[in-house]
Amino acid sequence: MAARAISRYPVPELKDLPEDIRSRILAVQEKSGFVPNVFLALAHRPAEWRAFFAYHDALMERDVGGEVTLTKAEREMIVVATSGANHCQYCVVAHGAILRIRAKDPRIADQLAVNYRKADITPRQRAMLDYAMKVALEASRIEEPDLAGLRAHGFSEDDIWDIGAIAAFFALSNRLANMTSMRPNDEFYLMGRVPKGELSR
Amino acid sequence: MAARAISRYPVPELKDLPEDIRSRILAVQEKSGFVPNVFLALAHRPAEWRAFFAYHDALMERDVGGEVTLTKAEREMIVVATSGANHCQYCVVAHGAILRIRAKDPRIADQLAVNYRKADITPRQRAMLDYAMKVALEASRIEEPDLAGLRAHGFSEDDIWDIGAIAAFFALSNRLANMTSMRPNDEFYLMGRVPKGELSR
Amino acid sequence: MAARAISRYPVPELKDLPEDIRSRILAVQEKSGFVPNVFLALAHRPAEWRAFFAYHDALMERDVGGEVTLTKAEREMIVVATSGANHCQYCVVAHGAILRIRAKDPRIADQLAVNYRKADITPRQRAMLDYAMKVALEASRIEEPDLAGLRAHGFSEDDIWDIGAIAAFFALSNRLANMTSMRPNDEFYLMGRVPKGELSR
Amino acid sequence: MAARAISRYPVPELKDLPEDIRSRILAVQEKSGFVPNVFLALAHRPAEWRAFFAYHDALMERDVGGEVTLTKAEREMIVVATSGANHCQYCVVAHGAILRIRAKDPRIADQLAVNYRKADITPRQRAMLDYAMKVALEASRIEEPDLAGLRAHGFSEDDIWDIGAIAAFFALSNRLANMTSMRPNDEFYLMGRVPKGELSR
Amino acid sequence: MAARAISRYPVPELKDLPEDIRSRILAVQEKSGFVPNVFLALAHRPAEWRAFFAYHDALMERDVGGEVTLTKAEREMIVVATSGANHCQYCVVAHGAILRIRAKDPRIADQLAVNYRKADITPRQRAMLDYAMKVALEASRIEEPDLAGLRAHGFSEDDIWDIGAIAAFFALSNRLANMTSMRPNDEFYLMGRVPKGELSR
Amino acid sequence: MAARAISRYPVPELKDLPEDIRSRILAVQEKSGFVPNVFLALAHRPAEWRAFFAYHDALMERDVGGEVTLTKAEREMIVVATSGANHCQYCVVAHGAILRIRAKDPRIADQLAVNYRKADITPRQRAMLDYAMKVALEASRIEEPDLAGLRAHGFSEDDIWDIGAIAAFFALSNRLANMTSMRPNDEFYLMGRVPKGELSR
């Protein structure tokens, strides 16, 4: 079978990209061993590419500390659960892999993608996902009691912003992936499922 | 972490089960290396257990031949896609594993569970899943043109019955799993993802 | 007008059926005065037929006693209400007749089929139907509080299983009837509406 | 069992009603043998009562002739099908009775209330109901092709107005009945099911 | 650009209308400076026209006093919010203008049409609109607690009837406007947005 | 009435903002006469602020030319229609104003916000909005025929990307506005409704 396209739209070659984009992509490749397709599928639009990844990093790469109690693994939980609800194959498969690694849990992503109500999570994480799903699916109904519920679980105002903003950002991301028919890299499917060293090759 | 319950309802011990049920369960254990939780979670109701598995086997274990062109892998595709739509964690995880093995494809189940429209399937399989999803989600709208579409792809009348009946049977199965909060066995998550012999232990 | 087909699929003749199926059908005919079409419409698949009716009887024919407090009339209420929600003509008409007879109430079935919230039922039956409708329509959202509500009305664990399992079984049954365009027998429409002896012929 | 209320709101006594309303109600009682509850449940608001029944009669009592090809039975079909979709018990039960009588068919109302796609109707009536259901459930999507489809079945412009206006009027009527919890008279349930003279009392 | 039709259906000339209808229309024109298109679009059906406006006036023109606490501005709020939910362009634009004038608020209509949960209204008005929206969108689920909530805000039984009946009446009105593709008059768009005397012409 | 908050979250003072953000805001104020609240409501998160407006400008400020045929007014049409569907008050009111100005049409925004199917637009713009709404509301169902429809109307591949990407970006934007309860500036409501010079003050 010939290689399947990674997007409905043109995918530029690495050598033709602006320097800042190319170097970021090479850095990702260096670290991960491959280039996640989202970096390539958006690259024919450099200004949008830069805004997309700047936004992504601002929300997804914050370390816990001070007013920030939301872990990176929990941020990925939000992505996987809302992307499942939006039927976004790229985001569930790619962020499912990142979640497995960050949570050090080989099963949590598959659970969240299908039904977050039945996943092995804490009551605090359940409240987090209830709110994230409401932002993803019916944001117009968000009201004060939704936020009060999160505060009762110890989330800070900064955390609550992050939970909602991540769900909102992936509302964008899921739609881009679905409109481009973005293909997940084969590498993602197995990442984080088997402890390092257990695969014989 | 203590073992999590596999069902909200009582789970009998193997030794307390009727002989026919126990021997079937032991045979499955012998073949798979573990007992899929559905065999235990339904066992406190022997009459229902017998009917459930008799129905399951009649639909899922038919070999291709004569009027039957639907493969066992395709039958599992129907299960995974409709169970994803019904947010049934047990069925997606357990039948996802069986699908990976029967289709000899480590990625197809994750694709179908999230969005069958974006999965690596043939146009014929796409038509099959369009019909199965309609039976699963809005069966009251099924009309003659739905069946004509399947015939145009070479499905026999027997096949069309099977596609619809599998979607209908898992409408039952998904609801049982969700009402019992049936837990997928840990073993299912990795099955069929790594070629035999590649895991070092 | 010529007789309308009772199913889109082949309907075997009684004489061509396996002995066990034929004798069960003859017994039903003896008792009811006619053969409900579901017995014929599923008969071209004997293994599925046997599983279907075994499952049906296990759920619908239990007598009250011990841990079982759910009456046969209440079981039929669940069927009629959930089949109405699934727009299943065969099940509403056929089980509506059985419900009228078992409840000795000529109006309850029509009420439940349209809007169970406005039917002449007890608060306990209302709780039963709230749960059954949730299993029928959004089983993935079932959680512990749903069951606690039923216990508060005096339902046993066995009853709660039965309520959910009946809704789940008719999720299957409704889809089979809709995919086959199964036709209710004319006899059902009037059954249980007029006290015996009041029809002059 | 004490008599159940026919409405959540006050129901005036016949003697306290304005003369025009009382005489209309007495005429209906004379003809039908009982007073349908809708006449009483709306009567505490005489101006609305007059407008409601004037509107009703303008749409439902037109005779076939000239540009009008829509029969009175077909008008009732629209009421029963759209009221079923709106889960309006009063309208399904009361207009179901009228439909059975006007169509001289004891089964058509039960079929239409559950699933008009499976009812014993002509293709022309099917087109009529497809349009009526669209007006009832998603009128904002009505566009020219919807009307063209009706013209192809021989409906006049006047007929098309009537089909849509009846669905629109019962959007009002169904909501009034549901907000008042309007109770169907017991008499309606059996009307039109048994040929006159066949009931021994 | 040629004038666009105000309805898909025939619009009679003023001179051809029955005297009572013509004189009412002329009175409206005298008062408003133009004839709102709904008066013309329904006029080819005089009996329906009379019932429609009689019903409308009975619900929308009641003065506060005695058991009536619902103001005319609040009645228009119900119309704008429910018509927004029903995607009815004519009703949102025309009644938005009336609401701006009656509430003496140039912004309230635009707020309510998009999302009544975010509008500048009192908690009492919020409760009023929660109930009105439930009647508009899922009247079959109305139950006693819905009414109790309104009583707690000081609404009388008469008010509660009016709130529900207005939502019900505009369920009809919205569907008529959508099925006729009724066009709002250009005059409505600016009415009530600029204090009198501030427009230089 | 005291001033209402423009967001649920902290709104920094202009003087406390990073220089690049402050100068952009001052430039907007200079040009528009006021600061649209979105610039302030997002400013407590400078990195997200920068990414948001960079993304926004990349999509909304492209001039027609070469492969780009989508006008700035059409881009705003997409925003208003999809924001209406998402019940986002800030985006409908603010971008409604911009659309009125860019399209030089005082009525188009109100039409699109309520029901784009009834708006005064060209068939090409209708196709554009059909696609944008599908991206906004059910992106997982986007398939090749959706794009083919746009090409048939003369949209370039670049245009098609833009249409979808704008709908996707405002999926994010609408959710941010709803989760923050972002308040539209009073100035927006009247902008573009009255030709310049016609307001006496």
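All chains are identified by letter, namely A, B, C, D, E and F, in their written order; residue positions are counted from 1 within each chain.
One rule holds in what follows: a contact is a pair of C-beta atoms (placed from the backbone, for glycine too) under 8 Å apart; a residue touches a chain by one contact, two chains touch by 3 or more.
Just so you know, these numbers come straight off a predicted model, no measurement behind them.
J.: Examine where the copies subunit B and subunit C touch and state whether the two sides share over half of their residue numbers (same) or under half (different).
T.: Mostly the same residues.
J.: Superposing the C-alpha atoms of subunit C on subunit E takes a rotation of how many degrees, nearest 5?
T.: 120
J.: Report which interface contains more C-beta contacts, comparing B-F against A-F.
T.: Higher C-beta contact count between the two pairs: A-F.
J.: Comparing residue numbers, which of B-D, D-F or A-B shares more than half of the contact pairs of E-F?
T.: A-B
J.: Averaged over CA atoms, how far is the centre of subunit C from the centre of subunit D? Could you give it in whole Å?
T.: Centres of subunit C and subunit D (C-alpha means) sit 28 Å apart.
J.: Could you state the distance in Å from the CA-based centre of subunit D to that of subunit E?
T.: Between these chains, centre-to-centre, one finds 25 Å.
J.: Taking each chain's centre as its mean C-alpha position, how far apart are subunit A and subunit C in Å?
T.: Centres of subunit A and subunit C (C-alpha means) sit 45 Å apart.
J.: Measuring from the mean C-alpha position of subunit A to the mean C-alpha position of subunit D, what distance in angstrom results?
T.: Once rounded, the distance between the two centres reads 52 Å.
J.: For subunit A, what residues touch not just one other chain but two or more?
T.: Counting only residues that touch two or more other chains, subunit A contributes 87-88, 115, 118, 140, 178, 181.
J.: Hey, how would you classify the chain contact layout here, line, ring, star, complete or other?
T.: Graph shape here is other: it fits none of the named patterns.
J.: Quick one: which bits of subunit E touch subunit C in the complex? Just the residue numbers, please.
T.: 140-141, 143
J.: Considering the complex alone, what residue numbers of subunit E touch subunit F?
T.: Residue list for subunit E touching subunit F: 4, 84, 87-89, 92-93, 96, 106-107, 110-111, 113-115, 118-120, 178, 181, 186, 189-190, 193-194, 197-201.
J.: Any idea which subunit D residues touch subunit B in the complex?
T.: Against subunit B, subunit D makes touches at 115, 117-118.
J.: Quick one: in the complex, what on subunit A touches subunit F?
T.: 8-10, 45, 47-48, 50-52, 54-55, 57-59, 86-88, 135-136, 139-140, 142, 144, 147, 157, 161, 164-165, 167-169, 171-172, 174-176, 178-179, 181
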